[in-house]
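Two complexes, one shared chain (subunit A), two partners (subunit B, subunit C).
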Partner chain A sequence: MKNALGVEIPEYIEGIGELKPYQGVWKSIIEDEVPCTNISRTLKAKKAHTSKFCSSLEEAIKKCKPFDGMTVTCHHHLRGGDGVLMQTIEILDKMGIKDITLASSSLTSAHDGLVPYVESGMITKIFSSGIRGRLGEIISMGKLKHPAIIHSHGGRVRDFLTGRIKPDLSVLAASAADEEGNSTGSHGPSAFGSMGYADIDARYSKNVIIVTDNMVEYPCVPSTVRQHFVDYVVKVDSIGDASKIASGTTRITSSPMDLRIARIAATVIEHSGLFKNGMSFQVGAGGASLAVAKFLREDMKRKSIQGSFMIGGVTSYGVDMLEEGLFKAIFDVQSFDAAVSTSVLNNPKHVEITCDQYANPNNCGAMTNKLDVVVLGALEVDVDFNVNVITGSSGEIRGASGGHSDTASGANLSVIVCPSFRGRLPIIMDRVHTIVTPGESVDVVVTERGVCVNPAKPNLAAALKKAGLKVLDIKDLKKEVDSMTGIPAEKKLGDKIVALVEYRDGTIIDVIKNVTNLE
Partner chain B sequence: MTPKFKAQAGTFESSDIMVLIEPVAEGSGRQVDISSTVMLQFEEDLKVCINQVLDVMEIENVHLIAKDKGALTPTIKARVETAVKRSLGIQEGTL
Partner chain C sequence: MKNALGVEIPEYIEGIGELKPYQGVWKSIIEDEVPCTNISRTLKAKKAHTSKFCSSLEEAIKKCKPFDGMTVTCHHHLRGGDGVLMQTIEILDKMGIKDITLASSSLTSAHDGLVPYVESGMITKIFSSGIRGRLGEIISMGKLKHPAIIHSHGGRVRDFLTGRIKPDLSVLAASAADEEGNSTGSHGPSAFGSMGYADIDARYSKNVIIVTDNMVEYPCVPSTVRQHFVDYVVKVDSIGDASKIASGTTRITSSPMDLRIARIAATVIEHSGLFKNGMSFQVGAGGASLAVAKFLREDMKRKSIQGSFMIGGVTSYGVDMLEEGLFKAIFDVQSFDAAVSTSVLNNPKHVEITCDQYANPNNCGAMTNKLDVVVLGALEVDVDFNVNVITGSSGEIRGASGGHSDTASGANLSVIVCPSFRGRLPIIMDRVHTIVTPGESVDVVVTERGVCVNPAKPNLAAALKKAGLKVLDIKDLKKEVDSMTGIPAEKKLGDKIVALVEYRDGTIIDVIKNVTNLE
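Then we have the complex of A and B:
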């Protein structure tokens, strides 16, 4: 069957189940009431004054009675410094557990160690919002038994609530915890800020283990994950590489190309009709994307604009803007640097939120639905404004869906910032290799050569032209870029589906085929 | 013409290409070794482009090593031309 974007979607995949084709940004979200009768969590009483403390992660995992075919989850708040997911898999492997479904909120460069476990068939299924590095390559080569499922941040919460993901064991790192499992990422030597993704695992998983390198005296306050969701608590020497977990402050790029794109994007926002008191805003942490915040900050000061709130992945740059009074609050699902943890801990206007509140498409209060402006990056964009943030130039999995489609769908203005080509690879395609965010939810593409406005927004195009911006037809821009770079050779693809891209509403928006010329 | 000196042009920066030329004995022909960050996408194009410049400059005996970081065609042609001229001793350069 074909979905609304013309992608052929299998009706059923062995090991995954029945698939529903994507129908449009809002169609199934608005029409369907989603039953939540299939949640993994059960109620398990504990006698008064008994201990949850385990002397090792191995002991805690044993108490959770692991079994073949189970689903294991972790969070990615420790980013490239995570040491907990790999420890968990190594322990399960030693115990001889196999056929594992891994459902980490994302997978980073810290998880290349999973490769042998995928190759050996110990891990047979993966749900994640992102897959990178060597792991992405071997999955692209077809070495994971079942297709990986790439979901959005909001979609992951939905998957927990509908039972698409049924976590049996969640091993959650914290930078401080007490003996009952009250835990946080906002303080302690390995502080990493918000625990917004992990809080979902804690609430809905069957068995929850909190792992910390920093046991504090009861009660751990403030805390995010609360004791009535936690089965066991473990103290370990290290939850990972502190320097890669969170360090210093995030700097604005010095790349002239990124700065130029960001300057244009900030001007787009200024003339979009949304640049006024009460504006809400989200920006990514990547080069050009974060640099938009720098220019927006200057523009807001110049015009005496006070925004309402910022959400999303938060950098110290956002914290600076909060402290300057440019926004009234930050809602933080994920923190990107050490300075943010301090703000989460100390500033009551810096509010830690769960991923459910952040982006779950099917609840009645997702923050992404209150967004005015979001600025997002792209690996590829096409002439229909569809965006790829998951597959690279050879068709290999190397990125993350993250909150891209969640925020694009909710925001009044979604701005994609990207160079028109990167190292000779054209970014604007006739059709992106993999659709993560549908063009229906993308308003403007900003490149160093000019601005392309979705034809569905003619008034916006007119306003930007009037403001003196170079507004181009995206097809003309594509021709201009192609004439400089040349046309890349066709990707070498096989017939095997190695990953499914799940749209935030649980439908399948695209499939990823195996790449035959990877080594 | 036949290159007389070892020569190079270009950098290892993104969107540039480093071209190295080594003189070889008369009659040993052209050997062009290419590595590129966009090999899978532009291998053919790189070969054609480099050989075109060598054709125009009538260089038949040479060992050329190109390390490409996604340079555009005009950059590739300019770097090859400059490296060749340096190897012929008709243009001053960094070597």
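Then we have the complex of A and C:
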């Protein structure tokens, strides 16, 4: 069967089940109706005055009675510095547990160590919003038994609530925790800020272990994950390296190209009709995205605009804007910078939110649905405004869906910032290799050569032209770039589906085929 | 069938369903096992940038498509000052809705206005932790179609999670809210403090309306009930009278009798073996209970004891003790005093908790299970240490189960404080008229005539004797009191079951029969 974007989707995949084809951004959302069968939170009673403390992660995992075929989840708040997921998998492997479904909220450079476990068949299925590095490569080569499922941040919450992901064991890192499992990422030597992705695991997993390198006296205040969802608590030597959270992505770029793109994007926002008091805003942390915040900040000061709220991955830069009063509040599902944790801890206007509140498409008030402006990056964009943020130039999995499609769908203005080419590769394609965010939810693509506006928004195009911006037909821009870079050779791909890209509503928006030239 | 306390329990009641007999305090709690079938949270998607604001409560309720036989819930945080439940029922009645199940977290003197709706059959079933006043009287006379179900605070959460209560419409008062439904009781002209009972309604109800007299600009920060659980938001002229929350219960008693009992109770605590650094504590607000806090405070200062946490209904007195450093934190499910809201708002160590975290018997970390000492009142106590806090001297419903059985079951030391007689009525009975809290979970009964220790705790009795306290056999105390008061005439009761007392685990611990002498 074909989905609404013309992608051929299998009706059924062994080990995954039936698939539903993507229909359109809002097609599955029927207001005031329960959108799909959902499952219940796991209830687990304990008797009074029962100790949850375990002397090792191994002991805690044993108490959770691990079994072949189980689903294991973690959060990725420590990003490139995470040390808990690998400890967990190593222990399960030593116990001889096989056929694991891994459903971490994302996978980063800290998880290259998973490669042998995928190759050995100890891990046979993966759900994640992102897969990178060597792990992405071997999955792209077809070495994971079942296709990986790439979901958005909001889609992961929906996956839990609908039973697509049924977690048996969740091992959740905290930078401070007490003996009952009240835990936080906002303080402690390994503070990593918000713990927003962990909430759904804590509520829905059959067994929840809090792992910390910083046991504090009861009660741990403030705490994000609360004791009534926690089965066991473990003190370990290290939960990872919080200094690697940022991985250099949260400093403003010094690249003249990125700065130029960012300046144009800020001007797009200024003339979008949304640049006024009460505007809400989200920006990514990489490349040109964060630089947009820099120009927006200047523009807001110049025009005395006070925004309403910022959401999303939060950087120190966002915290500065909050403290300057440019926004009234920050809603933080994920801190992109360990330094942000001080603000999470101390500033009441810096509000930690769950991923459910952030982006779940199946609740009645996700923050992404309240968003005015989002600025997002892209690996590729196509003439239909579809965006790829997951596969690289050889078709290999090397990125993350993250909140890309969530925010694009909800924002009044979705701005994609990207250079028109990278190296000698054009970024604007006839068709992106992998669709993560459908063009229906993308309003503007900003490159260093000018601005392309989705034809569905003619008024916006007119306003931007009036403001003096160079507004191009995206097909013309493609021709212009192609004439400089040439048209790249076709990717060498096999026929095997190695990953499914799940749209936020649970339908399949694209499939990723195996790459043959990475061996 | 008979339950473990010998009470005859019907196997089935029309309109209620099958009943399970009470088996014992911890009999239904099997650790690490899912205690019962639970139901799922209601998912309701909304499209982006959809307004939730309604110009009247009537409009909001209409949007929720009310129907005959529906279940309506409210919280009772405004206690004697609540103005929202009556508005809701009046609107539903005007719309001609009949056969309503009302499941407010409690019912107070503010709800005498429900009487005509019960009499007319518009309300046919009631779940509540407390029923008082004229409403209690007419229910006691058998005027509610189906027996009322009295649950504990923790039991109410379990009732939601197991589907015993299936809310169709929840109308939740907030002292501040924004257009998306982020809402709080911690600030605003009608501030009432914690909003801890509302969480379960917000998460599990099919339709959630936030009602406030104080709309604030988006975002409302801090907020307790978050936007992703809220369907509609309404501004009304008044949510009630927050000054009536306290109803005079939160000032320290000046009654010499109560002060004497409280002084003895504090001495019991001091010599219980639990009076040391890290002790946790809960105390009620009425009569002698709060006065125990006064003496405990003095004792803690004298002996330089720092406790861990206080929980429960929180009074200004508790806040003072927090601020003096006598406890490290307060966990607040319900504020007994509007003045407490300032502390909820500003003191990070004053932590708002959901009733789920407070007392749900079916989660793995209720605060009541972590409690060292609780001091509770009683209407009657019997020689088996069973406690009645629901029916009065004529057998009429006039009190509240509240957190009584929840805290008694979890605390290491459960102290009941009560005078040995009131007026000419003895308080110690052969058998209390209605069992709310089973004697198995009560350790000590403190009266002005001395202290009775549950025979299951001989070491405690020995320690208290050694400390010089007058420790009496409860049967001897009963005789002593009876000899002064005489044995009261038997209550005039009918054969009709007018209410069921549900123990916190969902079993039936007692039934209440109709009263014939109140007409």
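The criterion applied here is as follows: the second predicted complex is superposed on the first by the 501 of 519 C-alpha atoms of A that agree within 3 Å, B and C clash if a C-alpha of one lies under 4 Å from a C-alpha of the other, contacts with A are read in each partner's own complex, and residues count from 1 in each chain.
The criterion applied here is as follows: a residue touches a chain if its C-beta (ideal position, glycine included) is under 8 Å from a C-beta of that chain, and two chains touch if they have at least 3 such contacts.
Quick caveat: nothing in here was measured; it's all calculated off a predicted structure.
In the superposed model, A:312 makes contact with neither subunit B nor subunit C. Using the contact criterion defined above for the overlaid structures, shared-chain residue A:81 touches neither subunit B nor subunit C, since it reaches no partner.
With both structures placed on the common chain, the touch criterion links A:136 to neither subunit B nor subunit C.
Contacts of A:188 after superposition: neither subunit B nor subunit C is touched. For subunit A, the partner touching the most residues, choosing from subunit B and subunit C, is C. In the superposition on chain A, no contact is made by A:196 with either subunit B or subunit C. Of the two partner chains placed by the overlay, only subunit C lies in contact with A:38; subunit B stays clear of it.
When the shared chain is aligned, no partner comes close enough to touch A:167: not subunit B, not subunit C. Per the touch definition, subunit A reaches subunit B in the complex via residues 393-394, 422-425, 484-486, 488-489, 491-492, 517. On subunit C, the positions that touch subunit A within their shared complex are 26, 29-36, 38-50, 52, 161, 180-181, 217-219, 221-222, 226-231, 278, 308-309, 328-329, 331, 348-349, 351, 353, 356-357, 360-371, 409-412. Residue ranges on subunit B touching subunit A, taken from their complex, read 14-15, 37-38, 40-45, 69-73.
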